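Below, subunit A partners subunit B and then partners subunit C, in two separate complexes.
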Partner chain A sequence: MAGRFYRKGLSRRSFMGTTAAGMALAATAAPRSTLAADDTVKIGFLAPLTGEVAAWGAPGLFGCEIWAERVNAAGGIKAGNKTYKVEIVSYDNEYAPDKARAGAQKLINDDGVKFIMMLGGDTMPPVVQVANRAKMLVSTLLPSDLTPDTPYLIAPCEVHPIYNVTGVDWLAANKPELKTAMICAQDDALGRPSVATYLAAFEATGIEVLDDPLFFDISTTDFAPVMTALLAKNPDILCLDTCYSDYVHPLAEQAYLQGYKGQIISCTADFYDQMIEKTSKEFMDGVVFQFPDFDDPALNEPQINFNDPNGFFAEYNKRWPGEWGAVSWEYASIMDLWKAAAERAASVEPMDVLVTMKSGGTGKHAFGEARWWGKELFGIDNALVGDWPVVVIEDGKAVIKEYRSIPAWWDKHKDLMIKHFEAMGEMYYQRA
Partner chain B sequence: MLELILQTSVNAIYAASFMALVAVGLVMIFGVMRVINFAHGELYMLGSYCVVFFYADQQFPILVATCIGLVFVGVTGILMERALFRPLRDNPLGGLIASIGFLLCAQAIISMGFGVRAEHVPPTTQQVINLGIEGVAIPLQRLYVVIAAVLLLGALYVFLRHTRFGWALRACAQDAKAAALQGISLNQTARIAMFIGAALAGTAGALTAPLVRVYPYMGHSVIVTAFIIIIVGGIGSLEGAIVAAILYAFVHTFVTTFADGVIADIVGLLLMLMVLVVRPNGLFGTRERA
Partner chain C sequence: MTRWLGFAILAVLLIGAPFVLSFSQQEIAVFLVINVLIVCSYRLLTLTGEWSLGHFVIVGVGGYASALLSKPTWLPPETAAALGGGLPVPLAMLAGGCVAALVAFVLSFPLFRLKGFYFLIGSFAAGEVIRLLWKKFRDPFGGPKGLKSVEGFPDIQLGDISLPMWDATNYYYLCLIVVGVSLWILYRIERSRIGLTFHALHWQDKLAESVGVNAWRYRMLAFVIASFFAGIAGALMAHYLGTVNPNMFDVEPMVFVLIWVIVGGTATFYGPILGVVTLTVLNEIVLRELGVADQMRHLIYGLLLILAVLFLPKGLESGVERLRARFRRREEGDNRAAQPDAA
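Moving on to the complex of A and B:
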């Protein structure tokens, strides 16, 4: 192209002069905010994007990308005298600890991120070592990752599995005729603390758990024997714990095929429309779980701290039809908290943001006012806990029935929770 | 209690049928070609994805989708034999490594094409057959798997015992060099064995697609179970694979129901260890095969 210009007679002198004039014009005409926004803050997304746990990573990245586009379109993040554009840098840890460590090192040392978001669980211990050395702020969706040795790790959105108490509490208040329950779960870092939580919640409400929780291996493919064992006890409530959605679906289908007619409660019911197709609308009616669709009108209540939840849900479904799940909004919600703290701290540096985020011991999470909590259960007050929604399927659609307070439950029944966490070997001093 | 035992037995019969289909295919490939096909679970996975594509996405009838799965995965097996295993015929370790390479490629291709999340396969039917005793029933979808397994394994038995190709396969499995000296084409028998072995895995995947989680890594758990079964049955023994599938399925299903699933996995491995201690060549294995 340049050669063609020269052949048309554009001299080197006129070319240089025109270029210099153009650059000067651009420098004076460009708005200041555009120049300032050349600063970019990078946020690491270190979660499983492939592999068996990808359903709790990849949909969150989709949500974060929408969040970042919206924030950048609105001018970016104003921290002190600077305005930053946000760039999400993702690394697929495949839910493998060694890959998570490598990912953390790359994000911190090569990409220069200021904050790392993770799913947590089995991938967290090696990352904590790296993060502690670098004093890097890291978030997890699983507060059970927290210990006194994780000062830079926060659980600011999802207080899994503690929020599960709200579903049981709601069930006991609204369906007092239900007296017995059976629980099943996969035998892993998500399933076991959740079982302890459900056991505590059932005990607090006087619901009898008829037998020991039934654990199954994560490689299980046939859930008929599991369901046969559960239904043999004839429970009023079938508790599917925090089973992965890939297990919840076949478990619900087996319950349906084996003639179960009672109540189901589950931590998640991702893609419940598919569960309805595999069972029936009547069978799924009344299923209680903990994760709302974000087109729910109850999310427009004033205490909700999530920017335009209905618009976010619509945009998400437009871009990723059929992909909405429990984590789709959660990482974006964490980014909301981080952005608010960075703007208050007038800095994007990890320690400045952490100190500001935790100042005063309270904060606002997605569902309203919350407090930094967790010392008794996790050995450190790095989990942000407040109200959590109880969601019920009604006529084929998830509906928020009520927001219930986790701190209020904890204040009344914390001894039960600690008892069952200890029995399951899930207290922070047992895990260490 | 009797109902629970009977229902658990029904569950175990389904599990045995499904496991036998996968394990017999694996044994066929090892018996004739002496290749440990680590990608057998991925052949099973490809069968499931044929149903995802043709039944769930393109709305073909399930029977057509299953037949396409059988043929597609069988042909994939022939291509594997030609491209991977034949050049490495005298190198068993090379064949194993090549199968691991195929495994990774298959997972990556399916992940790119369909995504990493489990696919939704609508049920073919929600009908449940009551077996005459209250509380004992089998969903029709599961009964299809049992019937298909009996028919396919029965047909395989007839094929191996009463056809010239079947005799050739058995001859190669007993002694490939001697079979070759009798004029039997090793390439042709390897092709047939690979087609049958892969097609059985693909059919198992296709039949069970509406019943299990269909995702790119679904072959992992299946291949582990299949290896336990062929070790218990005796590596290279078709009868052993069927008997071991039944034994393993009953033990695993009953322990899952009366204890829990994690203990069932441990008991399954203990079963394998016990058999190896008492009969190092497996229940039906011979020294030559092992």
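Moving on to the complex of A and C:
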């Protein structure tokens, strides 16, 4: 009953409100240092846990805590002739560069972590300075942080926004009658490269983008005019790019209210059950996005490297009902990759793990075998890229329709991607 | 004598602080020192009675200007090479302060046609316009992502010893020197005839004008001086972090500046310093070290703010003043007790 009450109309703000008590418990009641110090490897979690971007940090920490408990319960990490328990040490950087720098110093020098996971974006430049000097392995969810000057920074899970090509590719193959599209996005570090990706993907499939992408300011609260401008062109496909859930929800609501009947494609559809409540099951049916629920049977296929996805999803929802989002599993999947590399390297030292992780040029991504890639787009092969799921809402539930290969798309259409990245000023040599 | 002893103890504490702080606390100390300059420069403006919501954007103007002048990637490569590849960072920082002052000078013309709440709203609007310009023009401002790879402050050579400025301790001392000199200048300004005129404009602006004080010109002067030092603070920040972006200078950090200043108090020079130091230490060191959950940290912080405003409505400085008065009374009482015949 209480769960249902909280789930109704859960915005990012109310989401953070509902998690406040949980966060208190997590941080004060959880056994922070109850493990034997000698046999414990500390992993840093440096992400926004409060503030506007918290929805892409806090759920990831919840997932990591579940991951660590499961690994510890299974005996820990065997690296060489030592067995380590895992302890996740978090620092709320509030998505502010100064706090991210202080957090990096704390995690590296005060806490002695061996690996740091980050969301990335605005908070990355000061952390890179600290991490480069300390030779600390750091992961990001935003590969646009990668440059030739970031040798210890990896994007081993989410190759945002490149995987968005799979959704468009799937749409073109399965709904060839869709010929035109309109794109909107918030004007920021997430929105712009994602727009470049969607433009390339649409061009590759012959779908015409009817007008320039509509960039709105991140302070926008009224989405009616944005949607009116988009729908004025009468597109077959409405592309919501990589908008934050605070934007995706009102945009979808406006599309519904303004009578849109066409196809919607979006990078994320976090808390899509609330979107259905705000619109209708019929309206949301067929929406294409990129982030599955982990109770999907397709995640039990043999190529999937995420350990017990269905059990993880069940445990997550038991602890944090209604809060499953795009990042809930991502940091945990990075930990899977790190654990595998540490065990192969017989060491938890950052450089040993990095070298082992990248050896052979391939790695076990959550969705299957993948390759270390990115030289042409990011100036460095530190992004792990392979297959990515295309997810469609069917009868009110997210369903994986297919895994599609990002490298296969890249090999065919990389010129288009580079063209649009350059036009947006997003190539690594333009990001001075 | 007591005063100089106090300064000596303060100096020892400030110089010795990095030796007792952890690595992350050293980082916090760097930004705390920079924030001290921000609140003190803000106070100079408030002396004239005007409160701005654009001060933190002015901090950003200094940061952007210094970053762009030290690494002029926005110029054609030949031109940049001909100019020697940009200003040295220390000069760029000074120039950043000057650009911030210049922007304030230009803004003075529309803004000081307004007063009180209207000035407050006008300054917010002006700040937003500047932030939108940074977002809009990717060249030279980098758009929404801002500028990355901002030049760091060069290492300082002291004979055979090299002091790398990426190191928090070294940068802390650099900031301490820059901010110390700036505070001394701000203090001297406040104690000068100009400073007294600022006070007069705050409390009796019509009277001041009636005796020939040009209110507009003095308000503009306070705004320009405050902005120069805010710009220096922004430059210190930019060259340490290696990045500046529009989100760093939005209304949220400005609200923090207001909170620091209000909780500390503006009646004395040290009021805002007391506010920023107390609240930063509480929020960033004490509550984090206690392991208080992050959401709870904000909750407790808010609660303490409410308590501070309820019980010390004139700021933390009023508490200090009360303590000093009590100390003085006790001292006088002791003196009287020691000299009964004199009574």
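The rule is short, and it goes like this: the second predicted complex is superposed on the first by the 394 of 432 C-alpha atoms of A that agree within 3 Å, B and C clash if a C-alpha of one lies under 4 Å from a C-alpha of the other, contacts with A are read in each partner's own complex, and residues count from 1 in each chain.
Rule of thumb we're sticking to: contacts are C-beta pairs under 8 Å (C-beta built on N, C-alpha and C of every residue); 3 or more make two chains touch, one makes a residue touch a chain.
None of the values given here were measured: they were computed from a predicted structure.
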{"item": "First (subunit B), second (subunit C), both or neither touched by A:Asp187", "value": "both"}
{"item": "Contacts of A:Pro126 with subunit B and subunit C, given as first, second, both or neither", "value": "second"}
{"item": "Subunit B versus subunit C as contact partner of A:Arg101, first or second or both or neither", "value": "second"}
{"item": "First (subunit B), second (subunit C), both or neither touched by A:Arg431", "value": "second"}
{"item": "First (subunit B), second (subunit C), both or neither touched by A:Gly368", "value": "neither"}
{"item": "Which of subunit B and subunit C A:Asp110 touches, first, second, both or neither", "value": "second"}
{"item": "Contacts of A:Gln258 with subunit B and subunit C, given as first, second, both or neither", "value": "first"}
{"item": "First (subunit B), second (subunit C), both or neither touched by A:Thr221", "value": "first"}
{"item": "Touched partner set for A:Leu49, first subunit B, second subunit C, both or neither", "value": "both"}
{"item": "Residues on subunit A lying within both footprints (that of subunit B and that of subunit C)", "value": "49-50, 187, 217"}
{"item": "Subunit B residues touching subunit A - in the complex, by the definition given at the top", "value": "4, 7-8, 11-12, 14-15, 18, 111, 116-118, 120, 122-123, 126, 128, 137, 139, 142, 211-213, 215, 217-218, 220-222, 224, 252-253, 256-258, 260-262, 264-265"}
{"item": "Subunit A residues within the subunit C interface of the complex", "value": "16, 19-20, 23-28, 32, 49-50, 90, 92, 95-98, 101-103, 105-106, 108-110, 122, 125-126, 128-129, 133, 149, 187-189, 191-192, 217-218, 425, 431-432"}
{"item": "Partner subunit B, residues of subunit A touching it in the complex", "value": "49-52, 54-55, 58, 187, 212, 214-217, 219-222, 224-226, 228-229, 232, 245-247, 249-250, 253, 256-259, 271, 274, 277-280, 323"}
{"item": "Residue ranges of subunit C touching subunit A (in the complex, touch as defined)", "value": "22-24, 26-28, 31, 71, 73, 132, 135, 138, 142-149, 152, 166, 168, 237, 240-243, 245, 247-248, 284, 291-299"}
